[in-house]
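What follows is a set of structures for review.
Shared chain: chain A. Partners: chain B in the first complex, chain C in the second.
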Partner chain A sequence: MERKKYPVSFWVLAVLIMLLIAAAVFAPVLAPNDPNKSSLMDALKGPCQQFPLGTDPLGRCLLSRMLYGGRVSIFSSLIITASVFVLGTVIGVFSGYTGGAVDMVLTKIISITQAFPKIILAIAIAGVLGIGIKNTIIALCIVEWAEYARMARSLIRSVKERTFIKAAKICGCGEIKIMFRHILPNIIPPLIVSASLGIASMIMEVAALSYLGVGVQSPMAEWGAMMNTGKDYIQTNISLVLVPGAAIFITAVIFNLFGEKIRDVLGTRN
Partner chain B sequence: MRHLGTVCKKIALSAIQTTVILIGITLITFFILHISPVNPAEIYLMGNSGNVGQISQEAIEEQEKKMGLDKPFIQQYALWLNNVVHGDLGTSMTTSKPVSEEITDHAVPTVALTAVSLLITVLISVPLGIYCAVKKDKALDNIVRIFSFLGISMPSFFISLLLLWLFALKLQMLPVIAQRSPKGIILPALVLIIQCSSKYIRQVRAVILEEMNKDYVMGAFARGISEREILFKHVLKNSAVPILTWCGTYFGIMLGGASVIETIFSWDGMGKLAVESVMRLDYYMIQGFVLWTAVIFLIVNFAVDVAGDIIDPRLKRGRM
Partner chain C sequence: MCLLKVTGLTKTYKNKKDFVYALKGIDFSIKQGECLGLVGESGCGKSTTAEIIARLIKEDSGTIMFNGAEITGQKRLKCVGKDLQMVFQNPKDSFDPKYSLLESVMMGADSYNLYSKTELRQRAQELIKYVGLKGSYLNKGIGSLSGGECQKASIARAVICSPKLIIFDEATSALDVSVQAQIIGLMRKLKEEKGVSFLFITHDLALTSSICDNIAVMYSGRIIEYGPCQEVLKNPKHPYTKQLVSSVLPINGCCNIPEFNVLRNTEYTENSCDFYAFCQRADEKCAKGILNMAQLQGRSVLCCHADD
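Right after this comes the complex of A and B.
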């Protein structure tokens, strides 16, 4: 088998993602001020030496809040993507491999989940569980797993019928070995591609929930929540919206570019 | 005529599936609302005054009885379902108007927004996507790719706020609060068009490119058939179904109400209504909304399926 080539741009993007994650991890070191320390004396200041990006209506440092907000946005979306990837794949594989009545019931459940208006369901779940980042993560997991399950199911059904699986069976290969040696390696790459392209949209969905006021609870910093605060001051101080908005945008661009590179490398565009 | 038989069979089959999915969805919604710590009877009595202290325990209990909340969960759901079958969706707990009236009232702005946005999205995305696939890696393709890439990396509320700031506040060309005015539709529609076109162009381009890489296209080229004829007679016909499916998806998403966009621009449609109802935990209103989106989702899926069978007979054979 030919070894896959990773282009330079892949490594550049990988480094950029590492930098983003590092910025989130080391937010306490990098942030010039305490993100939650408010002082009305410093409210709505422009950029200055003490506050490089200015302050919000409560006099909190925008740069520090942006760095701390990155922790919430990036890590929660990584957790959600990883969870729904595993959960969806397991359910989809189980459903597609077992077939029959189990498959029928699970397919119905997948359809039902997908027929829900996503953001509304997430708001309802977050509302019932209570507001907070943990519940936002749970709510988005409940909403998002179905997409991966559907994809995994259709992938496994197409792989199951291929000749090499039949050949493996004829050769006396066990069920478990067939699953792990022959089926999974064929269905995992497309799922990884869609997961890596899904991270950015997850960041945006977490932010959207916080923007609507059901995600992260104040005073915790999060990009969507910061924009929600900023929108009331949009006329006088657009930077309150621009700073977190640009943070989401740049992060999303980097993750999306990385996802596309992974797709090219794994070559699943057939 | 041959289509008629299969279409009838399909309708019967999907009617059963539809019922199962609709019951499933509303049951789950009812359950989620049921386990919520907030008491809808209290919310109903509070109305808009928001004063909890003045309501006596007896009044709450009486209201619970009136709303059927004192009964067990399954009985409550059965009661609601029975009413729905008889055409009664219940009464909104916050506005005291019938849910069906609220839905028809709020559906109008959403349908208008959907019609405008979807039409322009399709008119932009399909030709541009096809053009970019044919002229792959040429200047226009690269420009479109960059723009669509930036489009999918921006959250809708960020685009909305930027447009609001630019056109409504700085240039003062458009109203800040849309309020169902014809001028007010421009900004929310623009955000929807930017968001959906960014995705749709990429999808159309990918579908056409995939089709163009197939062996029969190379065969047609080898036989000396012109590129124009291959594209319009074969490639487009074969990629029509996935392109149509995506279009249906956007139609469903838009009709379900773009909650965030509608909220930002105060566009009084289904999405805004849904967010408000969920925040107030308006049981029957939420149920009504979920029913609305589920029915749309199913109708769109069904329509796309049937249209696909008519356009591409291979699908029908494959499925039977």
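Right after this comes the complex of A and C.
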């Protein structure tokens, strides 16, 4: 087969994502200060040599907290997306391929899960499980898997009806060979596109839960939690909201654009 | 030698509350090296017949003998395996877009472990050339091939494991006339050089007459006329076959196009002739029941009250 051509913009966005991930991974090296060290003497300072982006009401370095916050926001979003991608795909493929009563029951469960407003359900689950990043991840996984399951199910049902599946049976392929050689390679690319576009919304959802106080636990740095701390000072010190807000915005835009590029490259726009 | 013998084949599809009687007991046979044309209107059960024989779907009743053994109710791989191949109507959709032409043709035999990997690759390359495709296409994706080229590739894929019978399920319907002629040429070549038998399902009576030895005309899940192709097309016996043959438009001008209008709305009974509503010669006896197949001048015809 001829190799796919990747446009320059794809590589630029890939490099930007690598830089974001590198900034989060090497936060302990890059951060100029301890993100959790509070000093009331340094509270609400403007940008200076010691604190390049200023400090929060507890005198903690905003830049350091933003870098450390990226670790929680980006990695938790990646973990949630990867988990729901695998879980949803497995359930959707099983449901769509098996058909019959199994499919009917699983479709009902998917519909019920999707009937609830996502963020409200996530708040309820996180509230029941308790505050903390682990429980935030679990809550969002419980809410998000259904989307991938529904998509995988509908994809597998359409691919199953294609003539090349009949042709594969005529060519002597068994069920397992058909699944791994013909069905999965045809349904995975659209799911990957959906997942890459979903990372951005996952970053927002993790931040939203932390902002609402059911996400990460203080003093852990996280972009949503940083906005929550800064919201009371929005009139006097806007950088407290602007810094984590800009981090969320830029990261979400980069992941979203990268998802779009993956969609173009894999040719699954239609 | 009789390669395929189908007897009393029936199939009903259940659609929530309704039953669709796709096949109502059909019988035919194909000899080694013979090409049987299966013609009839859309929805008459041609593709169902093909898929049952290819063991893609199960029949309700009836027996199918293939290559001397009964294959009724058995799984495809165990009973027919490499000996029965199929070419589908939609040439592009019958190939997985993830694979190149060469890989796709090789897939026709790699599950049967007939050749080593090198032999398989070499044989696929030879067959791609044999069906008239350029060598430069080998590593191209199926998406970059035209419909006709894809159908030729389908034939290469079907032939790679040297089958005894190939079912062409409306394989020429989506192609233009020049490519149709090339496909018919290829079929003749395979028939003469490799002794392959064909079940050629089509709507096109002109194509049938150019390749088929025998023809079976299907209507509403039944074979209503079966016999030597030229004779059936020149001198059709059953009213439906007559209307079908007279519907073929000549290339050099217009003709009297027969009308397939609903002529009577009398309710059917279970035994009514299926063609009763459209038949110009039907009478009240046709509403009451159909007659059995009978031998008539060397061919089988579903007896018709109109001929009483």
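A few comments on the model shown:
The definition used in the following text is that the second predicted complex is superposed on the first by the 270 of 270 C-alpha atoms of A that agree within 3 Å, B and C clash if a C-alpha of one lies under 4 Å from a C-alpha of the other, contacts with A are read in each partner's own complex, and residues count from 1 in each chain.
Following the convention adopted for this analysis, contacts are C-beta pairs under 8 Å (C-beta built on N, C-alpha and C of every residue); 3 or more make two chains touch, one makes a residue touch a chain.
Please read all numbers here as calculations on a predicted model, not as lab measurements.
In the model built by aligning both structures on chain A, chain B fits alongside chain C without clashing.
Between chain B and chain C, B contacts the larger number of chain A residues. By the touch criterion defined above, A:N186 lies against chain C but remains apart from chain B after alignment on the C-alpha atoms of chain A. Look at A:I112: by the touch rule set out above, it reaches chain B but stays clear of chain C. In the superposition on chain A, A:K177 contacts chain C only, with no contact to chain B. In the superposed pair of complexes, A:V253 makes contact with chain B only, with no contact to chain C. By the touch criterion defined above, A:A200 lies against chain B but remains apart from chain C after alignment on the C-alpha atoms of chain A.
When the two complexes are overlaid on their common chain A, residue A:A168 makes contact with chain C while staying clear of chain B.
Within the superposed three-chain model, A:K134 lies out of touch with both chain B and chain C [touch as defined at top]. In the superposition on chain A, A:K37 contacts neither chain B nor chain C. The angle formed at chain A by the C-alpha centres of chain B and chain C is 80 degrees to the nearest 10. When the two complexes are laid on top of each other via chain A, the two nearest Cα atoms from chain B and chain C are 9 angstrom apart. Chain contact summary for the complex, chain A toward chain B: residues 108-109, 111-112, 114-117, 119-120, 123-125, 127-128, 130, 200-201, 204, 207-208, 211-214, 224, 227, 231, 234-235, 238, 241, 245, 248-249, 252-253, 256-257, 269. Residues of chain B that touch chain A in their complex: 17, 20-21, 24-25, 28-29, 32-33, 35-37, 149-150, 152-158, 161-162, 164-165, 169, 206, 210, 256-257, 259-260, 263-264, 274-275, 278-279, 281, 286, 289-290, 293-294, 297-298.
The touching residues of chain A, when paired with chain C in their complex, are 1-2, 162-164, 166-174, 177, 181-182, 185-186. Chain C makes touch with chain A in their complex at residues 51, 54, 56, 76-77, 81-82, 84-86, 88-90, 93-100, 103, 107-112, 139-141, 154, 157-158.
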